[in-house]
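Naming follows writing order (A, B and C), and every chain is counted from residue 1.
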Amino acid sequence: MKSIIRNGRVVDPKNKIDKKVDVLIENGKIAKIGESSQFRPGDVTRSTVTIDAQGKVVTPGLIDMHTHLREPGREDEETIASGTRAAAQGGFTSICCMPNTEPVIDSVSGVKFILATASQEGVVNVYPIGSITKGQKGEELAEIGKMRIAGIVGISDDGKPVMNAQIMRRTLEYAKMFNLPIISHCEDLNLSLDGVMNEGFTSTVLGLKGIPRQAEEIMVARDIALAELTGGKLHLAHITTRRSVELIRQAKKKKISVTCETAPHYFSLSEEDVRGYNTNTKVNPPLRTKDDIEALCEGLADGTIDCIASDHAPHLDEEKDLEYNIAPFGIIGLETMVPLILTNLVSKKILSLDQAIAKLTVNPANILGLEKGTLSIGSDADLTIIDLNLKKKIGSQFTSQSKNSPFIGMELGGFPVATIVGGKVVMKDGKLI
Amino acid sequence: MVSRKKKVIMDGKEISWTIKRMAHEIVEKSYGIKDLVIVGIQTRGVYLAKRIAREIGSIEKKEVPVGSLDITLYRDDVDSIAHQPLVKETRIPFDITGKKVILVDDVLFAGRTVRAALDELIDFGRPRVIRLAVLIDRGLRELPIQPDFVGKTYPTSKKELVCVNLKEVDGEDSVVLREE
Amino acid sequence: MRLKHKDLLGLEYLDKEEINLILETSRPFKELFTRSVKKVPPLRGKTVVLLFYEPSTRTRTSFELAAKRLSADVLNISASTSSVAKGESLIDTAKTLEAMKADFVVIRHSMAGAPQILARTISACIINAGDGTHEHPTQGLLDMFTIWEKKGRLSGLKVGIVGDILHSRVARSNIWGLNKMGARVYVVGPATLIPPRIEDMGVKVYYDLDEIIDELDVVNVLRIQVERQKENLFPSLREYNEIFGITEERLKRAKGDLLVMHPGPMNRGIEISSSVADSSRSVITEQVTNGIAVRMAVLYLLAGGDSQAVTK
């Protein structure tokens, strides 16, 4: 099976490509990249499927390293099938799913379940993240080694922090053996207790209990110190504050093994957006201030922040349509991530297109140790085609089973128009194939 | 809503004579001023009530009690209070039970204001009789309400406005017909 | 002049003219209480639902009386008795009220933002009777009315709010209202009970009441809750009383015409001493009377809709 993508502007940060070239795909692998003139007659035959990417950008398949697929246990909110479809819609060819399902993925059988279901029903590549502790209870280490053999690409107790520093230390040491990144959710539960939004003037005016930024920063500092102590591979999930970025910047200068990610809502919305009590602004960590947004942009531009990941967290309407205090935290994000990055970072010249794509391709691939995120010859033919000029208003219909998004009604510019996994087109022009 | 002046229906002198005549009529019909009280409807009805009371006082050489009634809370169009949301003073410093009440207003039109005033008055007590005195009756009644004492009857059309100006409020005494 | 929104969700959303309108309109309603027939008909045929998720005798009966004196029909729904206890969501309760064609819903809820949910779900006029620690607008209004009646003005007065500001919706509503009307607001309390960045709301923060007691024209005393002691927000009620209690001794340095207010219910002997509560400076009982008048004014003004000419 051959296909060729013609006339697109190919942006491959790993291989430092940003030019108008064609891409030949054969048997699910990248066979050749070059200008049209460089192709021999035999390369393109009548049976070769041609995809015209005129005026569009062609990138390695995008990777979202932080999503919640809710299966097993909450198939009402999302399933591996619907979540991967949402990923395809959003332009992603590979996603990592977090283990805080019901039951928690803390053993080989759980990992096998995810992989089996994904291979049968998933539309894009799914890489499971295993939990750090059994049941994510924060008490005993899970069988990390066995899970690694079964196929996890990282470990996390995401949804919760590992409050016990000793356990975090042991994890960093132990996981080092398997070259597994530990994805840490940084939150001091005693400081954040019952809080529902960022602590500050807005929380005072709205009468909502605040989560002080120190709840995140203290744990970021702690985890960095433990990474320094152990040499383990630390990755900090959803960074949101100026000081967190600064701590990571300093740690990297000292060559401590730490990487981090942020989510699009943290540089697109602020605590001001909580006014009106729309529960689709309720996320953990919470939306912060405009100054933090500036710091995140600086961190993204200077490379302190390595990746952008959605933290896609589906919830049902009935669950979100409640009083702000009791509504669950979390919003979906797979289908809005690319347009938010293009509108709020690339168009605003905070990141170049190449830098932005790196945050979604080569960088997460490196952290997770995946041979993805590039268009090198011989690599898997995972590609995303993006139309930078496509402007759309985000509607209330999503491919995801849930609709809890604060971006409904927002007009954004730059959307993926095709998603190709292993050479197969799984999404074209906004429709799943 | 812009209106322009069409005609002066009554000037200051006419108003003065009319009030004198009405005062006499009231005393006549009430067989004197025993148990007589005067209640004016806010706003201009109150000033007219005071003037009528003064006239009666000089006729009978005795004072007649005067009260004021704000009917805003009794109107039948609460949904459209926007024009007069502020409730002015209702002051009835005497018992009205068993009394002969003369209710005074400046203009009688649809009759809704008087209807509201009657409802409010009855919440204060049980008068022996209530009679209505108005300076101008402009017709176009929407309720079965008739005045007992009229200054002047002046038929009008719905497009016209009748405005009573009083020295105490407007600086001059006149009744003016305006058109929208 | 009329109110600009169909709901009263908080004093944050009212402007000075609207607050003035409510205060001015409260006067004739208070006058009604002296009549033998205390009822007037403007809300005749209208249905007022009192939806109280939190128990409250004081506020609920105040609203009930206000609505009844305007001749409205009143429906009482309290959390313990209804489908609410069976776990019906707020949205579903709202839709039920809409189906019953309620004209007004007065809601008291333990969580901030609950009235907003109602306001955007149903077409009835929503009145916030207290939502978590967010606002309690009618309390703020009746507090201002009380001060205005006694002092003749609000502008330029120095008003101190003393107590657990952090958890107080009454404090927040008072701050919004008083600032808009030109008063100067001071909040006093233990540092652990002062909300973050409250100065940005336009108030001065003091931890020592004795420092400013002589300057205040009004002191509004908030109730201190015993539960807060368990959360390590202050060590004991005894200590609280020593440092922040409004006692005769503390008021010795205060102005002779200082007004003492309290939203109730009082913890006599803790935040306020019995003798002060019953003294001539205290307007606490008048606040209760004023509460009915102010709530009548609010219901009355919210009932006003599109303007039409008055026919005589």
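Quick notes on this structure:
Note that a contact is a pair of C-beta atoms (placed from the backbone, for glycine too) under 8 Å apart; a residue touches a chain by one contact, two chains touch by 3 or more.
This structure is a prediction, so every number in the text was calculated from the model and none was measured.
Of all chains, the one whose CA centroid is most distant from that of subunit A is B. Once CA atoms are averaged chain by chain and compared with the all-protein CA average, the nearest chain turns out to be C. One simple way to say how far apart two chains are is to compare their mean CA positions; for subunit A and subunit B this gives 77 Å.
Rounded to a whole number, the gap between the C-alpha centres of subunit A and subunit C is 46 angstrom.
Work out the mean CA point of subunit B and of subunit C, and you get 40 Å between them. Multi-chain contact residues, meaning those touching two or more other chains, do not occur anywhere in subunit A. For subunit C in complex with subunit B, the residues that touch the partner chain are 1-2, 21, 24-25, 27-29, 31, 35, 37, 39-43, 300-301, 303-312.
On the side of subunit A, the complex with subunit C involves touching residues 199-201, 203-208, 210, 276-277, 318, 321-326.
Taken in their complex, subunit B has these residues touching subunit C: 1, 70, 73-75, 77-90, 105, 107-113, 119-120, 123-124, 142. Against subunit A, the residues of subunit C that register as touching in their complex are 12, 89-91, 109, 111-114, 116-117, 131-135, 169, 172, 195-198, 200-201.
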